[in-house]
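Letters A, B and C mark the chains as written, and numbering starts fresh at 1 in each.
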């Protein structure tokens, strides 16, 4: 039976003990979500929002205090060992799990055995990963002699040795320079596309979530405050794209013609500027300019304003969320 | 143990060997350490030169006496003292999560990393015997090889059981930064003082002799010395328990006690270690990566 | 002045770390007692046989052994301190941070030295006092305090200087893991040849000269003459030993500081003092 949702979490709560205190810190507060097969799903939130804790619960590394859930059809309480044997994880620090006394290849050989990869397939799979992740030239190098980006690739290669159906990436680019981070993001897209692996990644880089993720859950203080595609998140917050056109006062017919375009949400002229709110600026900008020109409006300047996920994030956590 | 676990254990061992071999200076110092320790006690034994010293019922050769003490010390040092720091290394290295995300049992990573200690200490036991015999006048007899083998196996098992209890405290009792008390109390206090590595425990005040009765080393050393040192007496009881149960031969009693300790400590350590991991999983303290 | 303040800050950091884990203090005290206790029992076992070789110290092997072990434990902690400090800070990725101020690493090592000095002094003094009061270790009733302090300080600074030499090997010889060879060698030679555990007279005559090359020999001899026999500076052996110890202390400190300074400079020009990220 094919599993549509690889992960289902319902009302998950997790509280940590605070050292030398009787108090408990609520890391996850009644969290529910579903993740579809083959999706790249983002967990976005600032430090301490609960992203890593949620990942640990989903991967079977941490037991929730309340709620129910399944990962790959396995119950998170009763079958946590089975979950752990069928998911992969890349920690925030690339050096976790990388032994600096072994070469790159030796590291992969070690983990291939630990992850119980069949003996006949080990060499072939290691070669495949080295080529796929462009690490071939470093295979006999010590990890400390290669860049942090390549060490992160090594960590990803390790997690892909057995091609588990679900991979958790916990802040995979947090300690990388821009170029390495971009390379890792490309890799994430590649592994999702080529191997069909469901990727759940946490990040506090908004542009990263925007670039990679089909859906994003925004977490704040242990709760999921919003969970949807970026487009829907914008729509729900009524944060639309905007075109700001510096021009002469348009005629009433011109304004009516613009408002008649289906994607237009708002249209106002004030202080020498026409501000048009709309969905999907890229498909409709030309049409709007054509309409204005067609009605003889003289255009001096055109500016666009697309709300970013950052705008959505800030709005959401400051109470503007759904 | 399933095939996968053996394969993984071999891989861990291979990795630890590669690491061990990459520090050649350390390997050399390790060999020399054993030699120098033997030298110190050989030199100490020179104070008895020409005297009628006797270590009844353990013969009269102080070098043989001490070398057997070193043998048991090195071999048990890893089994008892290594599990905790290995678990600690897995924790602080952040790799416990990665090992948990594999099909391996809870024990295989720890056992695998312990191989480093095995490479370090097990050969040292043999080297101590060898150096003592080759250079410093230690003499041994091997009249009861089967009994010697049983004693060796039982000291390995019993000390490993204590080691597992010690390792379990890392997660079970949250001894993450402090000195671990089980290992400390057993290895650094009781064993150091009362095992009789360097002196017969009859030198100790009686309460300390009784305390020494709680550790497997006392019985292992008593049996090994009686059986292996020329002039060793297998019949006369000297340990408190032997005196209390004088109907049993001392060596038989030693082996029985070692067997009981193995039967108790090993499963208990196993159980506590599993409970510790499960507790850490519940509390989110498997690794320091949070 | 800033250097002293930094040093004191680092010393205070060690104190705070200990307060956070107070059990570590108790356990290290117990460990010192146990080590001394173990050698106490060795000496009890062999005392009747060793007495003949110890006529110069009153023939009391037990007191001879305990005093040797107590001071050796103290010195061994200081000997391994500099390398251990740099090693720990390196792997914790703190070394580069410390190095970012003009004397950060020096203040760090000095602070840890200061703390360890007083910490060990208290613990070993406690061990000695307990040994004297409870198990019959004998110390001269007319104990000359000034020579005792002089010997002790010279011994400590000699070991600290050697420790700095060992610390320089962290960068010079790239000893980043395992044991540092120079301090290991000093430790081994001291254990075998300086009379910590047995009188030097029992060593084969052909190798007794090696003892005279090791500072621990003079320290042990001097400290025992002072504590067991109550000998002061009027005794020629005590005077000579103290002079030798003073020479060792000055020499080892100067060499140690110079070597570590040079090693840090070389590291700075090379790969830096921290881990390559």
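By our rule, contacts are C-beta pairs under 8 Å (C-beta built on N, C-alpha and C of every residue); 3 or more make two chains touch, one makes a residue touch a chain.
This structure is a prediction, so every number in the text was calculated from the model and none was measured.
A.B. asks: Using only Cα atoms to place each chain's centre, name the chain farthest from subunit B.
C.D. replies: A
A.B. asks: Give me the ID of the chain with the smallest distance between its Cα centroid and the all-protein Cα centroid.
C.D. replies: Closest to the centre of all protein C-alpha atoms: chain B.
A.B. asks: Centroid from C-alpha atoms only, then distance subunit A to subunit C, rounded to Å. What do you get?
C.D. replies: Those two chain centres are 56 Å apart.
A.B. asks: Using CA atom averages as chain centres, what separation in Å is found between subunit A and subunit B?
C.D. replies: So the centre of subunit A lies 50 Å away from the centre of subunit B.
A.B. asks: For subunit B and subunit C, what's the span in angstrom between their mean Cα positions?
C.D. replies: 29
A.B. asks: Can you name the residues of subunit B that touch subunit C in the complex?
C.D. replies: Contacts found on subunit B: 23, 25-26, 29, 32-33, 36, 39-40, 43-44, 46-49, 51, 53, 177-179, 181, 184, 188-189, 192-193, 198-200, 203-204.
A.B. asks: Quick one: which bits of subunit A touch subunit B in the complex? Just the residue numbers, please.
C.D. replies: Spelled out, the residues of subunit A in touch with subunit B are 14, 16-17, 27, 52-53, 56, 59-63, 80, 84-85, 87-89, 91-93, 96-97, 99, 101-102, 106, 109-111, 113-116, 119.
A.B. asks: Using the touch definition from the top, list the residues of subunit B that touch subunit A in their complex.
C.D. replies: Result: residues 4, 7-8, 10-11, 15, 18-19, 22, 93-95, 97-104, 109, 281-284, 286, 289-290 of subunit B touch subunit A.
A.B. asks: Can you list the residues on subunit C that touch subunit B in the complex?
C.D. replies: Residues 20-21, 23-24, 27-28, 30-31, 34-35, 37-38, 41-42, 44-46, 49-50, 53, 61, 175, 177-179, 181, 184, 188, 191-192, 197-199, 202-203 of subunit C touch subunit B in their complex.
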